[in-house]
Structures are given as structure tokens and as C-alpha cells.
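In what follows, chain A forms one complex with chain B and a second complex with chain C.
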Partner chain A sequence: MTDALLGVVIALPVIASVVPLVASFWREEIGWYVAVVALVLNAVLIGSVVRSFVSGGILSHEVGGVAVPYGIELALDGLSAPVLVVIAVVSVGTLAYTRTAGPRSNSFYSGYLLLTAGLVGVTVTADVFNLYVFIEITGLGAYALIASGGDGRSAYAALKYLLVGTVGASLYLIGIAYAFVATGTLNMADLSARLADVGYGDTIVLASFAFIIAGLGVKVALFPLHTWQPDAYSASPYGVAGYVSALVSTVAAYALGRVILTVYTPGFLTANPVVSSGLIYFGALSIVAGSVLAVLQTDVRRLLAYSSVSQFGLIVAGFGIGNTASVFGSVVHLFGHAVMKGALFLTAGIIAYRFGVTRLDEYAGVARRVPYAGAAFAVLALSLVGVPPAIGFVGKWYVALGAVRAGETAVAVVIFASTLLTLMYVARLLDRMYYGEAPEAVADGGGGTRVTRGMVALVVLASVAVVALGPSASAVQETLALGEVLGG
Partner chain B sequence: MTGIGLFAGHQYQIAFVLLVGVGLYTMIDAKNLVKKVIGLNIFQVGLFLFLVSSGYLAGAGPAIIDGEGRYVNPLPHVLILTAIVVGVSLTALALALIIRVYDEYGTLDEEHIQEVMDGD
Partner chain C sequence: MSATVDLLTTVPPAFVVIAVALVIPFVSDRVGHTIGFVASLGVVPWALALRSSPGDYIQTAFMGFDVVLLNIDAFSVVMAVIFGGFGAVAVAYSYYVDASRIQTAFAVSYVGTSVGAVLVGDWLTLVFFWELMAVTSTLLVWYYGGKAVRAGYRYALLHGAGGSLLMSAVVLNYVQRGAEGFVFTGEGMASGLPAVLAALGIGVNVGFIGLHAWIPDTYPRPGIGASVFLCAFTTKAGVYGLYRAFPDGNVALAYMGAGMTVYGVVYALLQTDMRRLLAYHIQAQVGYMVGGIGMTSALATAGGFAHVFNHILYKGLLFMTAGVLIYRTGENSLKKLGGGLWRRTPVTAGAFAVAALSISGFPGFNGFVSKGMITAAAGKTQRYVVGGQDILWWLMMLGAVGTFMSFVKFGYYAFVKGSYEGKVRDGNIGQKLTVSALAVACFVLGVAPGLLFGILPLSDEWTAHPFTTGHLLEGFTLAALGIAGFYVARGAISRIGVARDVDSVYNPGVFYGTRAVARFTTMAYTAVDSGAVRLAGFCTRAVNQPAETARRLLPEGARETYDERVAKKPGETGTRAGIGETVLMLSLVLAVVMYLFL
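Moving on to the complex of A and B:
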């Protein structure tokens, strides 16, 4: 089925991103309204394309009417549809939060819209070079937003992210260049067929795969390529940290999965068992290292950041295993992690705005002072651990199930062990929040004024969603038809 | 094949490896933030050279199709035009961030900035 709306959902935020900047000439603080109108409209359009995918199967659109494989193709299938939905939901949800929490400048919302356009672009493109361009647009947007904290620390964190992130994207481009030299094409479906013709054991094919994994590994922030990420998350404003942590690594991980599964295909992984186990253990290493580093943190934002390193290890391991169960687990976890981690950062923001506390030991007793936000934090954090029936459990379960089915029992053991580590730092934090002796700043109720009911309602809604989505997640497995994506 | 014979016809690939190596080394080794950005640019230019040269065909003309003949592949050129635009935007953003960092810390030396930040 063809659907021109696939192009519109990218173009709309790009065009809208110009409006706040131009509007700055006569009015400040109008960016938020522009962003709300554009992104709510975009969410409706995304809802419409996802619905036509659900009813009519895989969608595809040739940009500008230039025939594939010469032109650029946009597509929507079972792998990208959930990611597209989560982008639509989180981009609107975070806006509700930044209404009061800020930043409020027009240029911030231009960056926000541009970032959203990049995220949507990465998700729907079916051309590997176009993917590079959208990854860089996403990167540019993310660097600019992280620097919107306005102080030197956030500018430095953004610069560090820019340097490392650009090298990552460039390594991906080298991989693309190698694949292009080997095959002469950039369209994903066409490339996939021609790579098989060149031969999966061919040196240039293997080299291109290695460059792509290393490059996107930087963007996903897998251990040991994660060094930019904790600084970037902890130096940026909470609204930005929530948005970036929820979506930027998510679409990079999606891109990684897309390239592994539909360009190189599971057949490539079967033909090169060394590459396949290398990829799985790369993920497993990240799961363990991320959890261990998270346990060692004293700052709540850094703890959440390192926990992402671990969660994305799980997702990449699921893609690396490459069977239907593990890939479904990865997709569910991509979706679930985005909601959980984004909302956790926003909740940490509520607590920080209210009491001015950011460190673990300062969190003592906060949950008793802000019961709703505290309860939301607890539910989201327990979902992150993987307590059933929350969505965090479903993703982990399917990845572990896929690992056992593929005979990778070690990965299942690693997932279980990291769950215990996650429980360790989450339980310690929750214990302090509920039963700790409140320090002065918390005991007197805090002096922050920037927390509104809407912000609290948003995170409570997110915590209800992660629990409610858990049991229904398995039901969408058939709709996504991932077997079709994997070429099975 | 020995000596120069080994390298003949691979000048672009050799330049690609050298530029990428020099760029990455500069990014890692230089303490000055501006030099790191210069390193990043050298790294990217090396990459662009590799892609552009992949479309090259000895003795072929530009791809303005006019009857029979050998033409170079124009696709890599188009790609690199796009990649150059991306690179320029990144450089501009990086320099803007560097100005902010300099305003705040009064230095561009990575180690000094780290010291000041740890002291906070």
C-alpha cells in the first residue's frame, strides 16, 4: 500500500520549526503554542498512517515520485509502527510538561520540532543514506536542546555529545559507503538482496556491518561507547532530559535493529555465527556494565542514565538474537523504556523543582511530601526492574524467551542477573524515598513554585500507562507481523 | 607486488585512511576544544573523499547523458553534497557551543574546564 502521509509526518514538524524563529521578531514565548498545534496535528496524522498499516499491511511511499531504488523510499512496518506511536505520544506529552517547567524560548521549540522531525524521519525512512541524514538532524536537535540549560555545564556536555555523536554517525556513514561500494545501491530492500548476492562472508560486507554497528552503538550509548550520555542527561533541563532519554537513543536503537534485521537480515547473522554472538555479547556486556555503573551512582539523573545503557543492551541483544520472540521483546522494550525513562526523568524534575534535591541521599522522605509524584516514581521504577504485569516485564520476558529458544541461555541468565542489580538500586532509592528521615529542605515542604498539577498528572498517567500496557502488549504481536519484517 | 606498485591506483583510499586517522588522532589528543572540532572536520573530509572517489571512473565524463560513452556515477557526489551540508551545520553548532563554554570558563582547555567543573 502506498501512503503519501508518510512524507507529511516528517515535513510538518520541519516546516513548523521555522515558525517560532520567525515569530521571534514580534513575539517571545509563542513557540510552545506552535509546537502544540504542530505536534498534536502530527500525532493525529501518525495515528492515521498507523491505522492504515494495521488494516492494510506494510506501507510504502516513493518520495517525489522517483522510482525505487533510485529514489528515496519511506515505509512503515511492524518494526517502525510502535516507534512512530511512541514518538507521537512522548513528543506531545513532554510539551505538556515544558509548558511550566520550561525552557520557554522560541528557539527552544524550533529545536524541539526539528528534533521531532528527525526522530520521525529515522523511523519511516527505507533508505540507508537518508537514515544517516535523519540521524544527523536528530543529533543536531538533541545537541541544541541539551545546551538549552543556558549554563556552561550544559554547553560543555552538549559539545562532548556533539563530538562523540558525530564520529558515531560518520562511522555509520563509512559503513554505508562500504556497502554502497559493494552493491551500488542505498535502498534498504534492494541493498538487502544485493548484499546476499555479494555474499555474506565477503570482507567488505563484514567491514560495512562492523562500522555500522560501531557507529550506531555510539548513538544508542552502548557500553563502552556510552560516555557522552550521563553528562548529557544530567546537564540538561529536566524536560529535555525526559524527551531526549525517551526518544533519541530509542530511534538509534531502532535504526540499529532496522539495519541488522532488514538490510543484513537474520540470514547474515546465521551465516556469520561469530558476528552474531559478538553482537549478542556486546548487548549483554552493556546490560551488565550499565547496571553495575548505575548501582554506583549518587546522582539520580546519572543513575537513570546508566540504567538506560543497560536497557539498550537488552534491546540490542534482542535484535542480535534475531528470532521473532526476541525482536518482539526488543520492540516492546523500545516502547516501554521510552515511556518509563522519559517519565522517570520528568518525575525527578518535579522533585528537583519542588525541593531542589538531585542526589540519592537527599531523596530521603520525599515520597511522603509529594505522594502522587512519589507513587508514580515508584511504579515507573518497579516497571523498569521488570515487575509483572508492567510493560518493562513484557519486553524483558520476550527477549529472554527468544534467547532461550535460540540456545543463548547465557543471555537469559544475564538478563535475570541485571534485573536483580536493577532491583538493588531501585529498592534502595524507593526505601529512602518512603522511609528515610527527611532533611530540612524536604521536611519544610520545599520552596519550588514551578510544579503544576498538570505536570504531576502527566507522570501519574504515564505510570498508569506502563502498568495498563503490560498485559495488552502481547496482543499486538500478531498485528505487528514481525515475521514478515524478518523475511520469515 | 612490491613498493609503490602496491599503492598505485589506490591513492584515494590511502588519503582516506590517512585523513580519517589524522582527524581521529587530533580529536583524541588535542586538549583545545577548537582543535578537536578541526580534527572532526579533517575526519569527515577523509570520509567524503572516500565516497566521492567511489563514483570515479578513469577517463569518464560527467553524467550529463549525451549518447554513448563512459560516465562517472553521480550518486556519490549528491550524497557528499548533503553530507557536507550536515558537516557545516555541525561545525557551526560546535563553534557556537564553544563560545558559550569560553564565556563561562574563560578557557578552551579541556583539562582546565574539567577541573573547574569538578570544583563546583
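Moving on to the complex of A and C:
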């Protein structure tokens, strides 16, 4: 019974996304209320499907009763459940933030709901073509939201993301077309069995994988395919930046992990060492390059964006290693990074709304003037560095552990080194925030938007959560049963 | 039955004791000591109830490694019983020597971590609790302040080093054993480097000769209540750890143990500070236990654990009686005590007599039984023979005679010789009760050793007959030799006075060593510093003005092109990729990936 809800959690935000547009005919600014009702209800439904996964194991649903492999299958397992939970939590949390911070137009909330539907769809689908559709829906929603900044920069950023993202998605589509030609199926489970029959060393199988990696690499924003991301994050309103940075790359990385682990399977990686090391070093390159670029930034939002490039390198490396420990690390980091990065953007928003500052040198002394938000920023940033016991540490630890177990000691070294680089830009930021001399010129209200207690409470809550979730993260390892996902 | 087991294995007992320790600072002294007493005592029935259902409980994963938070077997149970039981008596005693609840909170957390260390089933959590024991006991020492602070610092450094050695042994063992992980397999440490590192790391805790100086350095310094705790746990947990690392024994360990019995006793004989004297006897007595673990025989191993049990009782009792004397007279030194105290403090003197006879191994007291098991094994096995003689047995006998001499000396100077000036009262009612309880225990286990045999490990592989004629004769002979020895040598002993121990070499050694390292580091630092400052200056400029720095690094001809680009492009360095460049990059990546994969 609950497996049918897998369809409902996608359909509900899609249907709800129409309501604000239609409502625009007689009422302005009603979108937020529609979105709250829809997303809170959706979060409850997501809670109930995840609960039934926890108690009963993997869920699967055939849409419209058409049998797989011809029909579309939706599924929920240990890889997707944490992502689904974080989507539910972040979508409601960010929505609360935009109550005051805006944008408040009805069309914005239509886009927001559509984006959410796409994110949920990517997470629960078990069909590679359906995955493409949802990636495109996610992309469309994200382009619209980024453009909602309303100035030239955001229009350029949205256009850049639109073009680059579409090319990336097309490459993915070519990849699955190759796989379809080779096997005649699009269902993930079916595909994985038939790819094995075709042979992991077959040219067409390898070519399809290469297209998929390059295509999704754009969506994940791995170095050097990341260039759309800093623009998109820094040009959009803070609420959007928070939402997009928390979830869009996250589900893309999840999709990449899903394709690597469920469709091509760890057996494929073992059969082609060059593919597996290719993925791992692609990830490692992103880890290092992202951190170095982040150190060079002067704009706080761009700094946070480049830090994402580095963190997603870690996640992809974890998927590429492909053992239980590293994949668990990647899943924990997907979850943890979403909360940390989203909340960091929202906190940067609070600071910008209060003082109108966005650049690193303008951050001097701000933490003393917004003590709660400042402390939350510090905690979140340190968790990003990987200070135990926060959740940022747990993800990195398990990926490093998996790397050591797989004999990839070099990757473990890279992870450690990136921790130092992360510390470098975080320390620079915190030093400025706490010990810098606040210039007289920066006055309260410089940003022109009101900061409510609720907004501050939200980021404080997130900072408490990243610390509290750390110690309990290892406890869910058994519940997720990632061994099953990896075909063990 | 199994419902009881389920209930008792929901949480490790150590967690409960530690939780109580965290509460103690926030309640009154009386309530704090009471709950500490109850929590510690509760470990005894808890462990005994589980003894009949051995196995690994509370298995979980810690940072991706399998760990066992509660491991029940005959070894862990006997340790938990004596740790919990003695901890309770020591808490009660602390209350009656006016220990503050803060000190007792540290002490109870020390008890809790010790109980934790002996009840876990894997090396990783063992090391975790091992380090926590070092931390809590250091805090217990530090709490007293004054000279205890520096001693505590030395103690902490040495135990930190020991813990690290053990940790590296555990990690190397993990690397060698691989798939088995950290969980105890009953095989002990892999031979070679892991075994050596483990022996050295644990050797710090049990006081191997050369690594022992912290015992007499630390134990006499803190409050008298704290000393009672300290004397019981760290060294005995070490003996337990030694068994886990070397379950099949090791010849070198056996000889080290026998050597410790003699070494510790010789130094003990030369001491005048009561607690320092007792501390050297800890090394000597732990020597018997190390010997027991080292010898490859079930009787010796069981004897080692029996000696742990008995030793905690009588050594605790000795520290308590010494504590009562210090409490009443304010004097630490036997020479200043004045003597003749037995008339004024009859209960304390009686308890001391029981404890002294126990530690010396006089028939009818508990030390006689357990020491006898070890020496009998040393004699019986005939494996430790040098020049036709059972060398191990002879060393242990020598240690035993020395122990008699030393306690005749202690008793003689404290309670018999001379007469104390001024008024001295016997211990207060609580002190009398606690010392009497332990004295009775020492006596009962001495005449009815079957009570202890029931909970000893490997019980179906050995038999002990403590009260054979030969063995009794041995006990009386040792006593006679001890008394005679003291009578002959007492002049010499009091003339030699306090001897220098190994720490008089390595304390300055460490001091000058670290100073030399510091000097060298400073010089090296100065050299590196100027370079680093230049590099940092460059980095700062590069980070603050990336555009300008990048421009300067370009060759002369390219700067103009660069300036044009910066003017045209968004971003500060002009390196920000536009849409077309990104798509180009994507094509390149795809080409590279294709080239690699196909």
C-alpha cells in the first residue's frame, strides 16, 4: 500500500505547482501558502514511505500497474531514503526562510514546487529514461528560480546553467540511448542484468558509461565542468541559493551514484579498473581543485560554491570506490553537505540582509553583531571542515575508510589534505567574522530586507542538527542495508 | 533466566557507573558517596549473574569497525567483581576520610572506566577505556594540588606514551590479522612487532622494571582516599590486558615478573614514606601476577587472576590503614610516626597485621593461597631452569622473604618500637568498619579459598591444594626467614635510606632531552621562518589580489592580451569561463573519458 505513495510524493508537488499560477488571476502572493501546505503534506508522506522502508525493506511500485521492464518502476532503498529525507526537510526549511526573505511572487513558488517534484522524482525513479525526464524537470525548475533574482547577473547565470546543463543532460541521454541499443531495456534492475550479459568490456557499454559520466558530471558540477555553479549560486536570491546548493547537485550526485552502483554495478567497476580509477581520480581532482579555487575567492557565495565542487568530488570518489564503507560515507556526506551548505547560504543571506555585505573583506566583525547567526555559521563551517563529532566528519571518515580498505591510500591522503585546504578558507572566513575590525560605515539594515527571529532560529537549528546527527550517523548504517544496494 | 540476561546486557555496567560519577558533583557529599557506593557495588551481582551465560553482548559498529561493548567470560567477570566490590569499599572509606564529592566523582569515574576496560570484547574499545582510565586517574591525582600536580603530569605523560604504544600494537595487529578486525579472538597479539609494542605499552601500566618509576612517584602524593583507588585499578587492569595480549604466556614475561618481585621488594625495604613503601610492594606483587600470566600453565594463569583479586583486597587495606595513621597523625614517614601505636589504634593495628600477613603470604591469609598457586606452578613446570635450579621459583621466594622483612619493618616502626608523643585516636567508626570488612575478607579467603576458586577462570584445568604440609612449611619458613632477615639487616636498612631509582636518571634525561629538542626546533624554525614569511607574503598578496598576481606572473608579451580579456570578461582574473568555453571544456572531458575507457 505505502509503495503507491512513491508516485504520490512526485505528483503532489507537480499538481500543486499549477495552483499558484492559476491563483494569480485573483490573488497576489498566495503561492507561499500553497507551497507550505503542499510541501508539509509531502514531507509527511515522505516520512511514511521512509518509515515503511525502515521497517519493511526496499519498496517498489509499478506506475499505473504496467509491469516492469515495460512500465516505469519507482523504488526506495538505502541509497535513496536519506536523499528523500533531506529533500523533505530542506524543502520545508528553506520555504520557511523565504516567507520574509522572498521572492514572494506566485510564479516563484510554482517553480519551487516544480523543482521539488523533479528532485523527488530523480530520487525515487528506477528507470533510466524517467531519470532523464526528472533531471530535466529539476533543471527547468532551477533555471527559473535562479533567474528570479531579476537582474542581469542572474539572467546570465540562469542562461549559462540552462545551456550547459542541457548539453550535459543531452550527453546523459545519448549515454542511455547507447545502453538501450545494447540491451533493449530502460529499467535499472533489468538493465544491470542485461549489461552484464552483453559484457562489461563491450565498447558500446563503455561508451554509454562515458557519456553518462560526462553528462552527469556537469549536473554534479565536478571540476572542470563546474563553471555554471559559482555564477548560479552567487547571482540568485539567498533563499534560492540555499535551496539549489543544498539539493540540485545533491540529487545529480545521487543519480550518478545510482547509475554507477545499481545500473552498472560494482562488478562493472571491478571488471574495468580504468573506469573505477577514472571515477576516483575525477573525484580527487575535484576535491583538490575545488578547495584551491575556494581559497582564491573574495565573494562569500562564490567561496561556498567552490567548496561544493570539492565536497562533491569526495562524494563521487566514494561512489567510484564502490565498497560498503565508501558508499555509506558518500550517502552520509550527501545528507550532511545538503544541510550544511544550504544553511550556510541561508546564514550568509541573514548577514547580507542585515548589513548588505557579500564580500569576504566586508565580513569583518559581523559575527559579534549577529551572535546567533554568527555562531551557527561557525559551527556549520567547522562541520564542513570535518571537525568531529559533526556530520561532516562522519561522511569524510567513511569515504576515507573505504578508500583505505580498497587499497586507494592516495585518495585517503587527498581527503586529509582537502580537510586542511577547507580549514584554510573556513579559518580565513571565521577569523574575519570574529576578529576583524567592524568598519563604522556598515550599519544595520544595510541590506534592505528584514531579518526575522525565525530565520535565525532556522540556521541555529541546522547547526545544532549537524552536530547532533554526527554521532548517530553510524547507527543508521545497518538500517540502510547498502550491501543489498551494492548487490552483496 | 534469559530475560534476566537480556535485561543485564542492555547496557554495559561501566556506562552506569560513569553516569553516576557525572551526577555526584551535583548532589551533597553524603548522597554522592552513597550513590557512588551503590553503583560500584552493583557491578558485583551484575557480573556474577552473567557469569553462567558467557559470550559477546552489545555488538555494534564504531566508526565502521565491529566492537563488542560487553564481553562476558570467566576472566572479565572476576575482574569486574573485584573492581566493583573494591571500588564500593573505597568510596565508603573516602567518605570517612572526608574526601570531597568532586574527588570521589573523579574516583568513581576511574572505577567506571576500569570496569569498562575489563568488560569490553575488542581491542579498540579496550584502548579507549585504557586511555580514559589514564585521564580520570590523572584528574584524581591533580585534584589534590601541590606536589601531586607535577607527579600527575609525569604520570599522564608516561601513560600517554604507554597508551600510544598499545594503540600502535593494536593497529599493527589489525593490519596483520585483517579480517578478524579488533574483536578478541583468544589468540592474543600477533607475534613480532605488535607483541613487543603491546608488552611495552602494557608494561607501563603493570610497572615493568624500568617503566615502573611512576608508581612510587605518584601513589604517595594525592589525598589518602585517592591513593586507595589508585593502588587498585591501573596496574591490575594492566595484568588483565597482558592476559588478553598473551593468553598463552611468554617466557620473557615470566622472567620479567619474577624480576619485578625482587626489584620492587628491595626498593620497598629502603623506603620510609609509608605509601611509597607500599607502592614499591605493588610492583613486587604485580610481578607475581605478571609471572603467572607469563608462565604457560592453567594453574599459573588462574593464580595470576587469584592474586589480582587478593592483592586488591590486602593492598587496598594496607593503603587504608596507612591512610588512617596519616589521617590521625598527619605524618607520612615511618621515622616521624614515633611508633608504639598499637595500644592507641588497636583496630587499625589489627587490620594492618592481617593485611601484612596476607601480602607476605602467611598461611591462613589470602595471599598465601594465590601466591602459592603461582610459585607452585613455577616449581612444578620445571621449564624455567637455569643451572639446574628453578630460577623463577627462587626469585619468587627471594621476593617473598623480602616482603616479610619489609612488613616486619613497617609493623615494627609504626606500631611497636618507641612510643608516640601526644594523643592519637584510632580510626573513626566508618574507617574501622571499612578496614575491618577488608580484613575479614582477607582472612576468610585465606582459610576458605574455595570461595574464590569458584569464580576463577579455567577452573576445570587445574587443582590447587593450599594446605599441604609442604606448602604450609614453606609459608612458615618464609616467615621465619623474613623475621630473622629483618633482625639481622635492620641497621643496614635504616642507614642506606632512600635509594635512587631509575627515574633519577630519566627525569633529568627527559628534561634535558626535551630542552635540546626545543633548542634545535627553535633554530630550525628561525631558518625556515624567514622563508615562510616570504612565501606567506606572496600567498597573502596572491589571495588578496589574485588578478594582479596572475598578471605579474605572465610573460611580458601576454600581459596586454590579459588586460584586454579582463576588461571584456566578468570576474576579477578574467579566467571565469563563459558558456561557450564551458561547453568546449565539456567536449574535452568527454573526449578524454572516451579515450581512457575505450
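Side notes on the structure shown:
Rule of thumb we're sticking to: the second predicted complex is superposed on the first by the 477 of 488 C-alpha atoms of A that agree within 3 Å, B and C clash if a C-alpha of one lies under 4 Å from a C-alpha of the other, contacts with A are read in each partner's own complex, and residues count from 1 in each chain.
Definition applied: a residue touches a chain if its C-beta (ideal position, glycine included) is under 8 Å from a C-beta of that chain, and two chains touch if they have at least 3 such contacts.
Bear in mind the structure is a predicted one, so any value in this text is a computation, not a measurement.
In the superposition on chain A, contact of A:397 is made with chain C only, not with chain B.
Contact with chain C, but none with chain B, is seen for A:298 once the two complexes are overlaid on the shared chain.
Looking at the shared chain after the overlay, A:133 reaches chain B, while chain C stays out of its contact range. Touch criterion not met for A:355: it reaches neither chain B nor chain C. In the superposition on chain A, A:147 contacts chain B only, with no contact to chain C.
In the superposition on chain A, A:109 makes contact with neither chain B nor chain C. In the superposed model, A:254 makes contact with neither chain B nor chain C. By the touch criterion defined above, A:275 reaches chain C but does not reach chain B. When both complexes are overlaid on chain A, the residue A:168 reaches chain C alone and has no touch with chain B. Between chain B and chain C, the partner in contact with more residues of chain A is C.
Overlap of the chain B and chain C contact sets on chain A: residues 156, 159, 163, 167. Of all residues in chain C, those touching chain A in their complex are 60-64, 542-543, 546, 570, 572, 576-579, 581-583, 585-586, 589-590, 593-594, 596-598. The touching residues of chain B, counted against chain A in their complex, run 20, 24, 27, 33, 36-37, 40, 43-44, 47, 50-51, 54, 73, 75-76, 79, 82-83, 86, 89-90, 93-94, 97-98, 100-101, 103-105, 113, 117, 120. Chain A contributes residues 156, 159-160, 163-164, 167-168, 171, 203, 206-207, 209-211, 213-214, 217-218, 224-225, 227-228, 231, 272, 274-275, 278, 295-296, 298, 325, 328, 397-398, 401, 428, 474-475, 477-478 to its touches with chain C in the complex. The touching residues of chain A, counted against chain B in their complex, run 129, 132-133, 136, 139-140, 143-144, 147, 151-153, 155-156, 158-159, 162-163, 166-167, 170, 173-174, 177, 180-181, 184, 186.
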